[in-house]
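The first chain written gets the first letter, and so on, giving A, B and C; residue counts start at 1 in each chain.
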Amino acid sequence: MTLSISNTLSRWPTDRLLLWLLRSTAVVAGAIVLLIVGFLVVEALPVLRHVGIARFFADPSWHPAEGLYNLTPMLWGTLFAMVGSVLIATPLGILSAVFCHYYAPPVVTRLYRKLIELLAGIPSVVYGFWGLVVLVPLIGSIHPPGPSLLAGIIILTIMILPTIALMADASLANVPPQYVRGAAALGLSRWATIRRVVLPAAKSGLFTGVILETGRAIGETMAILMVCGNVVQTPHSLFDPMRTLTANIALEMAYAFGDHRAALFVSGLVLMGMIVALVGAADWISRGRIYG
Amino acid sequence: MTTHHNLFALKSFVAMVALLMTVLLVVPASAGAQAAAADPLTGKLVITGASTLAPLIAEIGKRFESFHPAVRIDVQTGGSSRGVSDARQGLADIGMVSRSMKDDERDLAAFPVARDGVCIILHEENPVRALTDEQIVAIYTGKITNWNAVGWTDAPITVVTKAEGRSTLEVFLRYFTLKNVDVKAHVVIGDNEQGVKTVAGNRNAIGYVSIGTAEYDAAHGVPIQLLPIKGIAASTENVRKGIFPLSRSLHLVTRTALSGLAKAFIEYAQSKAVHDLINQQYFVPLAD
Amino acid sequence: MVKALEPQRDGREWLASTFVWSAAALVTATFCWLLGDILWHGLSHLSWTFLTAPPQNAGREGGIGPILVSTALILSVCLGVSVPIGVGTAVLLAEFTTDGTLFGRLTRRSLDVLSGVPSIVFGLFGNAFFCQTLGLGFSILSGGLTLACMVLPILIRSTEEGFRAVPADYRLSAAALGLSRTTTLVHLLLPAAVPGLLVGLVLGVGRAMAETAALIFTSGYVDRMPESLLDSGRALSLHIFDLSMNVSGGDAHAYASALVLVVSLLTINGTASWLADHWLHRRIVTI
């Protein structure tokens, strides 16, 4: 990819000004993450100092009123919900984008795209409310109690689908038309073109989409709070109620003080740690292969 | 040319947005300036705390503002603990607390404004009409797990409880002399309405919520029923009479001695003039 | 969109086709179910009074006028702050750094981390930083700034993708003609990258309007008509949350408010697309 950088060409003062302007905006963006992590650390310090990080994974249960701070069941809850929803939403989203570009008539494409754009903006409260009133009783009639990991996965899938679908849509639009025409000239079938030519060409956008949707899945609070049952236990089946780290913070922050409050910030830090680990893994996987 | 056309479109859009924002910011401000009046009470009160109390205090605040146009009452939520800590640190003038004060909160002055009860709810289709205290304790500690042990069909009981720290939970635990570690629940909820909707969506559920919320919803067609405790029916009327055993007081707290605007507001909130508002929000006014 | 692809009589082809159409049908059905639910319960409560009157009786009666104004202001602050910073960072990442440099990688990774931070943590951070440290208190400004932090990674990443999609020829030709990089950027690359920016904007606006947990602690709960950006103002999503979860009997108005939110989203997205199309016409026509 050709860059606009090349020191020998830089003889316009506006260019130098531009570069510094752009660098300052990037610094602002990067600084926000540091500020947030710093904030979490400062708030979590009191309990980390006299309880110690090990107890957050080794205590018998999560009952802060009794001084018990085990985060592991909730960590599993977050992980399962995230993995489940990303696994379902990614193919659905990519297939939706493929549908818009290569299978649907133009009118249907426009409508479908409008529908997905709309869904990107529906509040998590509305999804949660719908989940609580429609989805949970439905699951409850199949297998009590109803609020469960499955409900959480379904709601999360619906919520993150627009992100991957729209990003995939935009990246498919950016695939140079010459590729597709070339494939047709070679006599490739539609699906073969999509699978072997178009999708690999769009992989940087798809990758970004997956990262953004995973981020949304980890960070979702309100809707999960309403449909997952919020019982602190490691889920052993799809129908078990469970609690995620984010729902935990939202549920208990309002009424927590002292060590309990600091413990909630520790769970926020653990969440950040998980995100950093995931992003690091994604970075390592994509090294050199996505951004050539 | 096309460039000029698009530049014009962009510029006119920006101009429209700027105009809209100016109108939005100026018009309400000028309207507010007219309502000056020679009223001695002015200023802004920031009240934070329990979300249960927030709608009620917001309504009382609005009525107070209508009598004193130069006053602004800003109500924010964030939970009882936030109300306490904000009042302590001076980040808020008044805190809202939906439970009785703890021992280490004696440094704050507490002013009760209303009362509320906590009742057990079942689904409407559940034929069980009463449960003894022992049965309730057994259900919540996981000793009874099936409805056929208390007089219904063979169906597993779905136990619904509130998240730790909530005042409804504390009232419940205190009355039944339980600790939160003993409670074996299937669903943990946050707000009262979430509890009502959970029970309404599950025939086999049992839960507990604020009486006001349950009474309102049951009267408006939501399929739940309120269980009596020790034979006393669960109703705001019985909380008013003081005979219903599970009840809690809702407080406004301040750090310093009352003065000025805060004093006027709290006195107003405790007066008979707002009893209709308290009833409207399905709480019980204090017996004055 | 290229219709140079023709389906063939191939088993795999037929299977793929079925999968694609079923995926689209499943997605459409689920969403129609959801939207239909909102429409069904909310339509009967919509009226001009509902859109303009202030809320009464804790929101069970009256309307959502002041809340709409607050929401519009919060959104404007959010976009007004995040779009310049976002586009600037995206341009830097796409045009002036390679993926290999430490600065580029660090910024990109920290943005990815930022996109995963839970909304409630943003709310608590926003409260501590904007409301307390910067002294803005519960205000529309705090809420807008907090939302800008949330929306930034989405905006930056998708705009960056938009820039990456612009063919190398543009930059090479511009350099050959002796154009300064600023000119190249403003007149050539930005118009060409508009689709990426648009996706970022749509996703960002969507996320901002959908946010509840971050706004409870920053722009607040007050449902009065705001008189300045420093006043506390309740956002529409927060109002829906309060009505459905905190106020008994608020369901009807919660549905109606959700319907209003959906319609405003349609309008905003439609306007953004229209703007993008206009700007796209300035782009050099490709072969």
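By our rule, contacts are C-beta pairs under 8 Å (C-beta built on N, C-alpha and C of every residue); 3 or more make two chains touch, one makes a residue touch a chain.
Computed from a predicted structure; not experimentally measured.
**Student:** Report back the single chain whose CA centre is most distant from the CA centre of chain C.
**Tutor:** Centre of mass proxy via C-alpha means gives B as farthest from chain C.
**Student:** Looking at B-C and A-C, which one has the bigger number of contacting C-beta pairs?
**Tutor:** More C-beta contacts join the chains of A-C.
**Student:** Can you check how far apart chain B and chain C are, centre to centre, with Cα atoms defining each centre and the answer in Å?
**Tutor:** The separation of the two C-alpha centroids amounts to 31 Å.
**Student:** When the C-alpha atoms of chain A and chain C are each averaged to a single point, how far apart are the two points in Å?
**Tutor:** 15
**Student:** Send over the residues of chain C in touch with two or more other chains.
**Tutor:** If we look for residues of chain C contacting two or more partner chains, we find 244-245.
**Student:** Which positions in chain B touch two or more other chains at once?
**Tutor:** Correct list: 51, 77-78, 190, 194.
**Student:** In chain A, which residues are in touch with two or more of the other chains?
**Tutor:** 250, 253
**Student:** Which of the residues in chain A end up touching chain C in this complex?
**Tutor:** Residues of chain A touching chain C: 1-6, 9-10, 12, 14-15, 17-19, 21-26, 28-30, 32-36, 39-40, 43, 91-92, 95-96, 98-99, 101-104, 106, 109, 112, 114-127, 129-130, 134, 158, 161-163, 165-167, 169-171, 173-174, 176-177, 180-181, 183-184, 189-191, 193-195, 204-205, 208, 211-212, 214-216, 218-222, 245-246, 249-250, 253, 268, 271-272, 275-276, 278-280, 282-283, 291.
**Student:** Within their complex, state which residues of chain B touch chain A.
**Tutor:** 50-51, 77-82, 84-85, 155-156, 158, 163-167, 179-181, 185-190, 194, 197-198, 201-202, 204-205
**Student:** Show me the residue ranges of chain C that touch chain A in the complex, using the header's touch definition.
**Tutor:** By the definition above, chain C touches chain A via 1-2, 4-8, 10, 12-13, 16-17, 19-21, 23-24, 26-28, 30-31, 33-35, 37-38, 84-86, 88-89, 91-93, 95-99, 103, 105-107, 109-122, 124-125, 128-129, 149, 152-154, 156-158, 160-162, 164-165, 167-168, 171-172, 175, 180-182, 184-185, 195-196, 199, 202-203, 205-207, 209-213, 236-237, 240-241, 244-245, 254, 258, 261-262, 265-266, 269.
**Student:** So in the complex, which bits of chain A are touching chain B?
**Tutor:** 61, 63-66, 132-133, 136-137, 140, 144-147, 225-226, 229-232, 241, 243, 250-257, 260-261
**Student:** Given the complex with chain B, which residues does chain C contribute to the contact?
**Tutor:** Those residues of chain C that touch chain B are 57-59, 69, 72-73, 76, 132, 137-138, 216-217, 220-229, 232, 242, 244-250, 275, 278-279, 281-282.
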